[in-house]
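Structures for review follow.
Below, subunit A partners subunit B and then partners subunit C, in two separate complexes.
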Partner chain A sequence: MANRLDEGIDSAGLGVRRGLAFVAPALVLIGVFLVFPALWTLYIGITNYQLTGPAAANPRVVGLDNVLTAVHDPLFTNSVWLTALFVLFSAVIGQNALGFGLAWLLRSANPWLRRTIEGLVLLSWILPGTVVAFLWFAVLSRDTGTLGLLLGSPETSWLVEYPMTSLIIFNVWRGTAFSMLLYTSALAAVPPSQLETARLVGASGWQTVRDVVFPHIRGHVLTNTLLISLWTANDFTPFLLTSGGPNHRSEVLPVLIYRQALEGGELGYASAMSLLLLLGNLVIALVYLRLLRRRA
Partner chain B sequence: MRRTTGFGLLAVCGLLAGCLGQSQEGDHARNADAKEITLTIVANAAAGGKNARGANWLQNWVIPKFTEQQKAKGVTATIRFEQNGTGDEDYKTKVALDLKTGGGGDIIEIDGIWLGEFAQAGQIKPLGEVVGDTDWDGWNQIPKAVQGLGEFESKRYGVPMGTDGRVLFFNKKLFTQAGLPSDWQPRSWQDVLDAGARLKTLPGIYPIQLNAGTAMGEATTMQGVLPALAGTGKPIYDNGKWQGDSAGLKDVLGLYRKIYGGGLGDPVLQQEANGRQRSFQLFSENKIGILLESDYFWRSVVEPKNGVAKMADRDTAVGWALVPARQAGAGVGGQDFVSMSGGGVRVINPNTKYPKQAWEFLKFLNSKEAVKESLAGTAQTTQRQDVNDEVLRGDPMLTFIAEKVLPITRYRPGLANYPKVSAALQQATADIVSGKTPDDAARAYREALAKAVGEQNIG
Partner chain C sequence: MSPVWMVRRIGFYVLITVVLAFFAVPMLWLASAPFDAKPGLGPRWPDWTLSNVSATFDHPFTLSSLVNSLILCSIATVVTTVLAALAAYALSRVRMPGRDLLLYLLLLLSSVVTGTAAMVPIFVMMLQLGLINSQFGTALVIAGGMLPAAIFILKDFMDAVPRSYEESARVFGASPRQVLSHVVLPVARPGVATIFVWAFVNAWGNFLLPFLLLRDVGRQPAAVLLRTLYDEGGSANLRVIPVFSLLYSIPVVVLYLFVSKRYGFRFHGGVKS
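Up next is the complex of A and B:
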């Protein structure tokens, strides 16, 4: 039994001890920078720890009070709802559809057109968040904002009047590149002979996508959706654009947690909320994994 | 294996528990005779940006002078100036995090109103505990009320940096166009609203800017709710109780409603992420008629040379008037006019390596020579009476603050709960701006207040 185990895990022939020595530095790093903070967050989440004031000097353990308060806090439920909208429209629908659409259309496009478009889409993905936020601010702000000038309504402050819509469009723009790249490579895996056959029997574009392409890339779709959903749910860029405002109308969970923790000083409460966000992420991940397994 | 994991977890938890709420005790004579010292001063000021005058003063005058002075005593001093140029809330968060993790500068400039929270958290300590002997002839020059800015529960934590007062600033050019007098002095809220209605006839301007909403943070409370509330007769904290959804508070919210629901102010601006900055810009571009601000606005915002929203014709174009109570005699203490004041405080980090030298540096920062120099030829109500006597005469606005405003002003309660109450007040105005009725907003405020300070502490 022990022998078989050794053979199983010791494929490099180093011996388990030496193998462990090799991974130890990585494990230490993970422990210090990932496991320790995570456990600490869990611990703070059950206290009334604050940034300043008496509870900063002598925090008390309050058990699950924070979690219960959060569940009944209208700000929290509002935030969960906004996060769900944000993920659904900007990631699951927006980035997926646009990313696939671009990959599908660019398949047969002339190479320089294809590269130019891919380059532009990628640019929005690789620019630093603060730079991008500043650019969008310039586009969407009032009086001198580009969008207002183009549409002839310089009075509209888009980020204030349509905060969630602005954020969703922003995030589609920002994140589509990943979906596009992933689908481009996934589409390359669809056998050309099958596409040709579909064309010969007179299948329409949509029929081809549904009956020929999709069965091949189903796994890619799920993986892509999983990744972009999680990234979007945890994305902090909305803070740079609207700071959660106006009046909490764009306060997605990461922004709410930040504001509660650092602006409100409620470190314990915010930690409890981040635990809930983590649980939410886990649930999303489990659903996708279940779907993936069903395919197999 | 499982048992080891269990022990590991237990050990980690123990370690974690030790991390919360720790604080470091030090001996105030440590390194008292060091020949080489390094001190860092942290301020929300940046050369060429926010509070540029303060930043220039620190960098170009204080640091060289103090280094020279120390050199004469045979001490090599390296003074660092950590610049910040951000919103007050962000700056506070940063300082709190610095202090919490045992870091931060040796001397830190903070808003007097944060003193209570920091002190209760043990992040700052009474001056005597940090540096020992706090005797200083400068104390005689700082008026008692101003010294109070640096005190919490009657213990002295730091040295105040001066104070300010709040008035209504107005654009005389717009007033002339609208046929309003350039020596305008409203005697009631209605007078202000009437002037707003007149200004509204001018195209493309917002008549009144009364800070509202959460995006402006403390500026909403200090330049909006609190002066208005003082005009209804009762301050926010009175006889050990916080004011709930009283008639006075509803009046204040009603005033907001009249301004932002009636087209006298711009509701969108209040909700923008950089609304306050923008309101300054708009005022300097002659697009805002009346704006409630502290004399900071005069000194650092529309100031023609170094202001963040310069107005070349400030001296002729900007007028000021006392903030009226709801109606004559309705203000706190039966006053006709009201104001609120605050001010910064410099504290010494309890974790400093050089407490004695930090205190010496702090005294130097507050010496007559230094305070006078900090004004760079302009005027400001400083902490020192001897300096004020000399410099205020030259500036009509600041003379007005010193003579007319400071005698009637009020200070915020220096309690650790204050920031939470302030946040609830900001939220109430945000509710009004986004269309709620004063009654609904007041009810929501009352709930938030009960959560923040406890039902038994509401009067």
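Up next is the complex of A and C:
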């Protein structure tokens, strides 16, 4: 924000009217396809709207009944719990730790090794979701799946017997790239002289990270954790791997919402559940924006 | 060369090997199975053949789904890039009432309202508008979801374009239109290219929205068709899936190579996403 003083100086001579005309088309699209649906969730969430049947033609307002039903619905509480586990283990712990570990280890590795690993990690991040879901389906399948062969138990069907663990490991693989990139750029900002001093006084790797590096990157850790948690909680890829099964054991919130709304036809009830997801997103985003402001 | 140093080196390489295997092993299949005469789910050295390629093209929907992906993705990407560039430029240069609030709301929206959280109202809205099975409608929904983040990232780029360029151009009598097309756009090109690639990769991989909104298999993009191919009651067609996955992945990989060669895959300064 070095140019705060001349910010808003209309150097191209557009004028406010033309400026508004430039912004308007984007705002219309955002309004129709993002803001309106978000607000409409509030309304659908308090009705008994359904995909088919009498309640499809004439939905009735049922107030907070949906929310109350959800809170007492074992499927919903189960799903919230699984989503929490998914976010905690795959994002907050898994992606964070592996992403930082890679950034830290690779900073002094030889360039060829570094490029290879970074390339693979990035590739797992940018390949289309349906493709990577199938790749992991193949790795985790029984009889000929790679994991079964490696561990000497080809009869194990990993996605059926350990659905949540499989999803967590998958998501660590899928999402670590972002944390790695972020921590790589954060580590570049740690003064080399301080690292050198730590080395001279004989600090171990762990001590160096804790006492020298961490104070410098604390903000980055928080930013990273908030963003990856948000993305993980809203990730629909678990649907492609397990569809929430077997017997709801991997039914994270996005999958539950989909199944309730599109397979069960309970649009009103599913909206009430979406509301909770939106609320969770809002809380995380507000904390994140607060952080950004303080740093700027 | 103390023993401790040796142990540490060995530990380092063991760790790196494990990580390398973790990330590489799932992808090996994508390299071998397409060219294997008897492709299975496991990794193995292939019996080289190209017959899977013709089997894939013989499938009635593979080619059309890739074309659908291209249509969907092009509309969404172009709409996002053009509208975001216009909006970002105006927000960067013109002092409008409520601008800071607007930017704050955009940033908030881009993270809070995700396709997953808003899938029910989006589906109901498109159903009532009669836009289920409309590729154009679906592309607009995808673009709407990408726009806030795109505007935000592009505004950063636009802020970095020196105003003196535009001022000099105006001194020489250029109209606002000329300033835009001859001065601003060329200078902001890296930012616009970044958004273009970012939007393309996002739209290309998007599964949920086309899955919700395009029910007719003849209009579905590759993301949805691939899911249909391996979800057919356990009888996944392993002659078609590998080649098709590869074909569907290539554009993303090419773009990634292009970006990392040209700009380097790094974050500069703040978080860009």
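As a convention for this text, the second predicted complex is superposed on the first by the 263 of 296 C-alpha atoms of A that agree within 3 Å, B and C clash if a C-alpha of one lies under 4 Å from a C-alpha of the other, contacts with A are read in each partner's own complex, and residues count from 1 in each chain.
The criterion applied here is as follows: contacts are C-beta pairs under 8 Å (C-beta built on N, C-alpha and C of every residue); 3 or more make two chains touch, one makes a residue touch a chain.
Keep in mind it's a predicted model, so treat the numbers as computed, not measured.
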item	value
First (subunit B), second (subunit C), both or neither touched by A:Gly245	first
Partner chain in contact with A:Gln207 - subunit B first, subunit C second, else both or neither	neither
First, second, both or neither for A:Pro54, with subunit B first and subunit C second	first
First, second, both or neither for A:Ser153, with subunit B first and subunit C second	neither
Dominant contact partner of subunit A by residue count, subunit C or subunit B	C
First (subunit B), second (subunit C), both or neither touched by A:Leu105	second
Which of subunit B and subunit C A:Trp40 touches, first, second, both or neither	both
First (subunit B), second (subunit C), both or neither touched by A:Leu262	both
Contacts of A:Thr116 with subunit B and subunit C, given as first, second, both or neither	second
Contacts on subunit A seen with subunit B and repeated with subunit C across the two complexes	36, 40, 44, 49, 141, 262
Partner subunit C, residues of subunit A touching it in the complex	3, 6-16, 18-20, 22-23, 25-27, 29-30, 32-38, 40-41, 44, 49, 98, 102, 105, 109, 113, 116-124, 126-139, 141, 143-146, 149, 173, 178, 181-182, 184-185, 223, 227, 230, 234-237, 240, 254, 257-258, 261-262, 267, 270-271, 274, 277-278, 281-282, 284-286, 288-289
Subunit C residues within the subunit A interface of the complex	12, 15-16, 19-20, 22-27, 29-30, 40-43, 79, 83-84, 86-87, 89-91, 93-96, 99, 102, 104, 106-109, 111-125, 140-141, 143-145, 147-148, 151, 159, 163-164, 166-167, 170, 176, 179-180, 184, 201, 204-205, 207-208, 212, 222-224, 226-227, 230, 241, 245, 248-249, 252-253, 256, 260, 265-269, 271, 273
Of all residues in subunit A, those that touch subunit B in their complex	36, 39-40, 43-44, 47, 49-54, 56-59, 141-142, 157, 159-161, 241-243, 245-247, 262-265
Interfacial residue positions of subunit B with respect to subunit A in the complex	9, 12-13, 16-17, 19-21, 23, 89, 93, 96-97, 100, 114, 117-118, 120-123, 213-215, 268, 271-273, 416-417, 419, 423, 430-431, 433-434
